[in-house]
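I have placed the structure first, in the form of structure tokens, so that the comments after it can refer back to it.
Going by the order they are written in, the chains are A, B, C, D and E; count residues from 1 in each one.
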Amino acid sequence: MNSANNHPLLEVKDLGVTFTDEKGSLQALIQIDFSIAREQFVCVVGPSGSGKSTLIRVLAGLLKPTSGEVSLDGIPVTEPRPGVGIVFQKANLMPWRSVLRNITLPLEINHIDPEEAASRARDLIDLVGLSGFEDWLPHDLSGGMQQRVAIARSLIRDPDLLLLDEPFGALDALTREKMGTELLRVWRARKKTVIMITHDISEAVFLADRVLAISPQPGNLRLDLTIPLKRPRAEEDRFSPEFVDLTHQLRQAIK
Amino acid sequence: MNSANNHPLLEVKDLGVTFTDEKGSLQALIQIDFSIAREQFVCVVGPSGSGKSTLIRVLAGLLKPTSGEVSLDGIPVTEPRPGVGIVFQKANLMPWRSVLRNITLPLEINHIDPEEAASRARDLIDLVGLSGFEDWLPHDLSGGMQQRVAIARSLIRDPDLLLLDEPFGALDALTREKMGTELLRVWRARKKTVIMITHDISEAVFLADRVLAISPQPGNLRLDLTIPLKRPRAEEDRFSPEFVDLTHQLRQAIK
Amino acid sequence: MKSWVESVRRIGFLLLSVVVGLILWQLFTTFSEIPSFIFPKPIEVWTKLITVIENGSLFYHTLVTLQEVIVGLALGLTAAIITGFLLAKSRLVERVLSPYIVASQSIPIVAIAPLLVIWLGPGILSKILTSALIVFFPVLVNTIVGLRSVPCELYDLMRSLQASTWQRIIKLEIPAAMPVFLGGLRIGATLAVIGAVVGEFVGADKGLGFLVNVGRGLYDTALVFVAVFTLVLLALGLYGSVVYLEKHLLSWQKRNGD
Amino acid sequence: MKSWVESVRRIGFLLLSVVVGLILWQLFTTFSEIPSFIFPKPIEVWTKLITVIENGSLFYHTLVTLQEVIVGLALGLTAAIITGFLLAKSRLVERVLSPYIVASQSIPIVAIAPLLVIWLGPGILSKILTSALIVFFPVLVNTIVGLRSVPCELYDLMRSLQASTWQRIIKLEIPAAMPVFLGGLRIGATLAVIGAVVGEFVGADKGLGFLVNVGRGLYDTALVFVAVFTLVLLALGLYGSVVYLEKHLLSWQKRNGD
Amino acid sequence: KSVEETPPELTHIRLPMGYIPNVQYAPFYAGVEEGFFAEEGLEIEFDYSYETDGVALVGANELQFSLVSGEQVPIARAEGVPIVYVLAWYGQYPIAVIAKSEQNLKVPQDMAGKRIGLPGLFGANYVGLRALMGYAGLEEKDLILESVGFNQVEVLAADTSEVIVGYIANEPVQLAAQGYDLDVLLVSDYLDLVSNGLITNEITIAENPDLIRRMVSATLKSIQFAVENPDAAFQHCFKYIEGLEDADQEVQRQVLESSLALYQIDPYGYSSPQAWENMQKVLLDMGLMKEEINLTEAYTNEFSQ
């Protein structure tokens, strides 16, 4: 994925997803087309049930689309690929593993030395503010703490592409801002590409280069909005007329 | 609970909760004191892991506090009581029940006629925007849809006191606003008392009569802020200096 | 339409399964040197089958065993479910009872056969007891494991709704424990047949286990095979019923790996 | 310190359990009119126990049975786990194999005893086989049920991490299926003892099942009781090991109702 | 049908037979059918549970009678089971060792070094074998004993064992029917041992000797009838033995003939003191009994005369 070729990192063409079971079928996504360049920070917003999680699952190679095609780095996505980090909407921690061992899981799978893995995990535990909880089991953590473990886990392989499904959903405003800032820092320092679902439009505008707005069922790309705000952005920018206008446009789009 | 006596609906005195297991103990809440009058709308904010969910569990009578006392309507709370509706941080749906039957569960427990129960549930399904999904299983719903089912379930008994643990956590901005407005409508029309945890400070200020801010570990009442904004409040109010000042105070309190 | 095709396919598989079995058997008896009073040929067994069907004795003995199995299964199931609930809830009950329960499982029936006869008489009761006894344990263990797998958040939910104990059991614990419980039932249903047969071996004058003994006594191995096949069909029938039940009760469960 | 108190309490309960049992037994034999060749008194059993311990025969026969049980359990377990994985993954394999598996379960051992003796000889092998056979099914069923209870979200997680099949098995399926699987093992461990004894009843010249037969043949009911108690202890020991394993492997599981 | 005809005052007797329904019990079946038991006011219910269970139940006075193999009586009495042998059913000990003729088993000494298949190290088969070994001066280390369960016919046919131990009336007949040439050594040709018979318990002897007299008398009449009318006796078996009509008639008839040859007919039901002495000696040698018992309490010929 480090090859510096010209086509976009991710290309989605005429994507459609239909869920079918005995009772009938539901068109979750329809005719989605977009492409994402390397090192872009893209947020996806849309009403509940519009197919955002479904989109992430398709991009990750976890779900085969009913129609259309997704390609990553020019190669069609048929299964999960290395170099991609995912945070699911649920924390999806393994209840039998401690915080530390949940975070080192991806490295274990890559056969990385446990010592090394643990030390990298400890850095991330610091980052997400869970120092002291290394040996706790997921059961005994609060909802937000579980989500932070999942974020740390998605970062531990240092992936080039991050797919985040409402990663800050259960976080309070402050932690949320802190994590957002950290994410931006990591993104800029390590030259990652980020696709993040959020239900907070203001957060999307604040963080992203570009925001995709998905319409309610069947999910369709309603608006593809470039955010021209300069970086680094400050808290005060949220009250600038430009910011307010952008959020307003997005709100209109997903109504 | 309808008796119109003079003492507050809910009184919390010197509340403390400590979790103890083999590895050691963790002080989640310490010296919490407050009381809540009838028909008040109170929001609780605080950083992740500060003990907000723990507080709700104690108020609901699901967790015995390590020290201190909680009384509802003048009677000490030792177990869950009728007239209280709860939304947990996780949706906690029964995977084997359809949306409709998850929502009618509380009425089933009260031996209410199934026909009657179903019709009341249908109204609430409309309210939370899930018409058409009555017969779906929780598995096949999106995260936000699951949460909306849980909200409908908490309302079906028409409780006097609502305890809501981040009920809008997985909802997009628009649905969130819509649900907030609905909640306010229900609260005013039916004269309910609401205690709601949220991680969105602006939402707290927008909705509540009063916001309690809890400090990080061990959770302690840092600020008890009355929101003097007039009702009904409009979206524009969010940009009023008073509003901004209130949010700022709260931000400072939980830092 | 779709489920019709599905049914046909399923029956197809079963038939294929049986036909392959029969061919292997015929080949085996033809090419091995085992005499037919030790391992009869399919055709001999078939002839015997027709005979015992026509003279009604197969039907009679099957009915006896079926009765023992069903009553034993029902008894063992009831006892296991009740004990399972008690054990899953109370550590004290579990500590005091569990050694006795494991003990009761590992006592060979023949060792206490005279006692059984003295207490229960030589009739059908002792067979029901052996069947119930062997059903009891797997169902018990899976009831406990199933109950322990109920998510604690849902307990909180039920408590917050002031559900009575009975409602908690009916509306939460039973459905949540169902997948694991039905696994226990699968095992129990199959073992129930063995239990009844073991009881019949100790001393009986009717039932399929008795028929096996008669066949052995007369060196009529074809009869033994007929009786054994009937037992197998009985077990398959019970097992099939549990699988059918599972399909209906667990339709909500998402299957992985599909 | 805390766990030490806990251990003492546990042993206390066990002792209490045993003492209550002994007292009931003594009362029963004293007040009922059952003669001691049908139901001996505790003291007679105790005397016999001392005798067979001193002449070493108890030790010898226990070792034989233990060996059969352990090898049988290991064999049945291995087969069940492998088959369980295959059946949980492939519907085709399940459809073709499951009738045979249920069938193999419900065939009474005595009915195929001649074949067992002819193929495996009168030695220890046939007992290992009966033990393995009876262990197989409960472990198989619980392996399948356990695997089906793995949350599909975690499958997605493992896939997204490009885990190999082997890693998925080791790091996800085994730990997630563990609670239900260990339930199967509890059942299997207890049944393994029965299996070996059933095998010994068919024909053996050593082992605790043989000792039971000798005791019965000699109307030495005290000896029967000694052998049965040893069997019970064996089963309890195996069961206890599984419970111990459970305690360590499942410490992450929150217990409800505590 | 006989049950329907019986008047209600008949004494009900549950009789453990020690084996499954078999033509060797033809006299009993005939006795019931011909009304010999009803004449004595007895109604018989056949019980096919294990032999040792029958002994224990009679000993506990749960039942009054059981049909058992001779060696069970001293063994059980040595353990304090108060049973008494009141009628000899077979005159000779019914155990034989059997081999295919190529094994050349002509005298008991020929068993040396052979693999001997027997059900297990208990019961009549084992006692009979040990009696023969004792006669031949063989010890257990001189041959290989294999506990094969009740599968002697199969293991001999499959050559898993070279020699088997079995009932005279059963295994040799079955094997011969399968076309094998056999050498058969009868235990009774070398040693007189107490054979199968009817037992009761001391309480019944003391309290209800009349019941025993009636039982014994009916049994003797039945034996006599069977010996004199083997065809009729065989016909009566069909009602009691499931699947007999489908089994090999000739073989079954052969089993009956061999059994008839064993019945104690001269004098009917008598067991000789010498046989009891011999039996006790064998059992003591084998270690199946630890010490001698008073044999005169173990049996009586009083009822059979």
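Here, contacts are C-beta pairs under 8 Å (C-beta built on N, C-alpha and C of every residue); 3 or more make two chains touch, one makes a residue touch a chain.
This structure is a prediction, so every number in the text was calculated from the model and none was measured.
What is the set of chains touching both chain A and chain E?
The shared contacts of chain A and chain E, listed by label, come to D.
If I rank D-E and B-C by number of C-beta contact pairs, which comes first?
More contacting C-beta pairs are found at D-E.
Cα centroid separation between chain A and chain C, in whole Å?
Using C-alpha averages as centres, the distance is 50 Å.
Distance between chain C and chain D based on Cα centroids, please, to the nearest Å.
18
Once you find the CA centre of chain A and the CA centre of chain D, what distance in Å lies between them?
Here chain A and chain D have centroids separated by 49 Å.
Could you check chain B for residues that touch two or more other chains and list them?
Within chain B, residues 90 contact more than one other chain.
Touching at least two other chains at once: which residues of chain C meet that condition?
In chain C, the residues touching two or more other chains are 34, 38, 110, 114, 118, 213, 216, 253-254.
Which residue numbers or ranges of chain E touch two or more of the other chains?
50, 52, 56, 60, 150, 154, 158
Inside the complex, what are the residues of chain C that reach chain D?
Interface residues on the chain C side: 10, 13-14, 16-18, 21, 34, 38-39, 88-89, 91-92, 95-96, 99-100, 102-103, 105-108, 110-112, 114-115, 118, 137-138, 141-142, 144-145, 147-150, 152, 155, 179-180, 182-184, 186-187, 190-191, 193-194, 197-198, 201, 209, 212-213, 216, 224, 227-228, 231-232, 234-236, 239, 253-258.
Under the touch definition given earlier, write down the residues of chain A that touch chain D in their complex.
57, 60-62, 79-82, 84, 86, 88, 90, 92, 94-97, 105-106, 108-109, 137, 139
Note which residues of chain E are touching chain C in the complex, please.
Where chain E meets chain C, its residues are 14, 19-22, 46-50, 52-53, 56-57, 60, 62, 150, 153-154, 157-158, 174, 178, 241-244, 246-247, 251-252.
Which part of chain B faces chain A closely enough to touch in the complex?
19, 21, 23, 45-49, 52-53, 89-90, 129, 135, 140-145, 148, 166, 169-176, 199-202, 239, 251, 254-255
Provide the residue numbers of chain C that touch chain B in the complex, in ascending order.
153-154, 156-157, 159-164, 167, 171-172, 175-176, 178, 252-254
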